[in-house]
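Naming follows writing order (A, B, C and D), and every chain is counted from residue 1.
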Amino acid sequence: MSDPSLSVHDLACARGDRLLFKNMNFTLNAGALLLVQGGNGQGKTSLLRLLTGLSSPEEGEVHWRGQPIRKQREAYHAEMIYLGHANGVKDDLNPVENLRFADGLQGREFDAARGVATLNKLGLSRCLDLPCRVLSFGQRRRVALAALLLAGATLWILDEPLTGLDVHAVALMEGLIRDHLKGGGMVVATTHQALNLEGVTVQRLLVGNVAIPELA
Amino acid sequence: MEWASWSEFWNMGGYGFYVWGSYGVTAACIAVEVYLLKRAAGDTRRRLKRMQQWEEQ
Amino acid sequence: MHRFLLAVLRRDLTLAARRRGDWLIAQFFFVMVASLFPLGVGPEPEMLARIGPGVLWVAATLASLLSLSRLFADDHHDGSLEHMVLSPEPTVLLVLGKSLAHWLIYGIPLLLIAPVLGIQFNLSWEAIWVLEISLLLGTPILSLLGGVGAALTLGLRGGGVLLTLLILPLYVPALIFGAGAVDGVMAGTGAEAHLSLLGAFLVLSLMIAPWIAAAALRVSLE
Amino acid sequence: MNLYTYASPANFYVLAGKLVPWFAWGTGIFTVWGLYIAFFLAPTDFQQSEAYRIIFIHVPAAWMSMFIYLVMAFWGAIGLAFNTRLSFMMARALAPTGAIFTFIALWTGAWWGKPMWGAWWVWDARLTSELILLFLYVGIIALWAAIDDIKRGDRAGSLLTLIGAINVPIIYFSVKWWNTLHQGASVSLTKAPSMAATMLQGMLVLAIAAWLYTITVALIRVRRIILERERQTEWVKALLEKET
């Protein structure tokens, strides 16, 4: 199999009758981070959803390992994981159960010890047996991050992963991204906040035409 | 020709109410559809023009 | 593949077990709708036995519709639906698993309640037995076709009412064959023909509905 | 000039605009001709007297209601398979007319039934299927109305049309079966008076008129839909500019 690479070719995306962007081209290789930037409503989330295959582009194509993703949906989804605005965490289940079902839905056997270790690493050791309903927003986000880590996917697609996280959690997230990239993984992320990522190849992509002051 | 007079024609052998009730409602349905279509055409053009003016500003 | 299906099933069953309130509402709705009819048409036993099969079948379709609007909506709301659609398994399996779970959670209890209501409606034991078989074959159809409606109306304003409008006409054959089977046995003409047609409709729904629902789900998530 | 050129909305808009008057005239001519046959050439029926003249609109309307539904399903399937925008627009343009013909078929069925059977409504297989067809039309139109996103609406509506199209024959069959089991309502529309050649001719001419009418109305409607959807393109902007 060829080296993991994500590339888009002449991508165009429309929302309703409004064209968000067109002629977008980029390639992302192993070990690199793509930061998608742009103002609200400029199409950051739309781009991410195109990259996951949840929506299909107006024109152009998204390629994974040199092949269009629509032709290898299942193989691509096995190597890709998406974390959107919503966490995908069920309020009625506790963190461990959430991980178990997340694993089951990916078609994998759940390794309970590894799951608990991951949750502990993310600082959730005190609430493993509580339904996620009673957890804070940041804690639920961490449960979602644990699922992300356990999935073992090569490509992470993260939509505003830092929203609602405190300073410690942001540092933790930065560490996770660095480790993932060093291990040959790839990340596509949108964020409003500045990320501290030393020693990491960062590609920046501006969607739309309104730049955000602090990032420009 | 079947009809000796107009009144016989409208009477439809005693079934005038049903025959003309059917044809009348059919004609009304089609008239309403055509009227709505005509009105919608004008509305659409006006609306699109207005939106175009708005966006050009 | 079957592991994914099992995971979807176990997940939905666990979640339903954690939220028994929703589950009880659907069952009580069934009982209440069926119990309103004698109050409306009068208590004569012959009349009740005459309308009983139809009333119970209509009540069952309405009860299943009540819960169908949430088939995908809860998972859509917390984002887990996207995760499931993005899993490496086919979306058809996901829809099939969720419809099956819906049937186990909301369809099977109807089978358990129906005999009690059948007695209220003065149905003979033979008729109740056929009613059970017809519901056993018919309620999965409600869950399968309902899955299409739930996927089409996902996230829409007033989605629940719209779902009813879209799906009730599609339920007509199930209603006719299901209630007809009980009628047939009461009229002495036998229920086999109706039940085999109901079974054929079930097989057809099983073959077609999940594909359309999966396509609809992808369209709705776009 | 090939077929593909006309598959582009901009070209189709122009083509449809040229075709509309022709179809409109055709509709008028065939309607007058058909009505002339219906009222002046067709003889009085010895069983039903003049009341049978209702079938000259009832039968064509019923045909059209089912035919339009199938055409919508066809366009929907094409759109889903090949992702052609114009086919979705055609499906949307046809639906209201289909619903109206279904309503006309039901209405005239009732107004024919009253003098013939003594009841406005009987649960006859055809009338009942027609009623359910009306429900399907209403459902599809309601689904379109509820979805703001054009792309999603197009595809969702087409999927619903498709599953309905698979279901309609099953519904018809099941209602017919149900009908034969319930003795009370054994009257059926098949007991139409024996067909005289002029009657069949009148029905066919009016069916063609209904067909031409549907095309006319659908073309006008599809032109409006094209304008709305393409309003950001240069050609629509230029077109609107020119008119002011």
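Heads up, the rule we're going with is that contacts are C-beta pairs under 8 Å (C-beta built on N, C-alpha and C of every residue); 3 or more make two chains touch, one makes a residue touch a chain.
None of the values given here were measured: they were computed from a predicted structure.
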Greatest separation from subunit A - chain, by CA centre: B
Centroid distance [mean C-alpha coordinates] between subunit D and subunit C, Å: 32
Rounded Å distance, subunit B centre to subunit D centre (Cα mean): 16
Gap in Å, rounded to a whole number, between the CA centres of subunit B and subunit A: 56
Mean-CA-position distance for subunit C and subunit A (Å): 37
Sequence positions of subunit C contacting 2 or more other chains: 222
Touching two or more other chains - residue numbers and ranges from subunit B: none
Residues of subunit A engaged with two or more neighbouring chains: none
Chain pairs in mutual contact under the definition given at the outset: A-C, A-D, B-D, C-D
Residues on subunit B engaged by subunit D in the complex (per definition of touch): 1-3, 9, 12-16, 18-19, 21-23, 25-26, 29-30, 33-34, 37, 40-41, 44-45, 48-49, 51-52
For the subunit A and subunit C complex, residues of the former touching the latter: 49, 52-56, 74-75, 77-78, 80-82, 84-93, 97, 101-102, 104-107, 131
Parts of subunit C lying in touch with subunit D, wherever the complex brings them together: 145, 148, 152-153, 156-159, 162, 165-166, 168-170, 172-173, 176-177, 180, 183-184, 189, 197, 201, 204, 208-209, 212, 215-216, 219-220, 222
Interfacial residue positions of subunit D with respect to subunit C in the complex: 80, 132, 135-136, 138-139, 142-143, 146-147, 151-152, 155-156, 159-160, 162-164, 166-167, 170-171, 173-175, 177-178, 181
Complex contacts: residues of subunit A adjacent to subunit D: 16-19
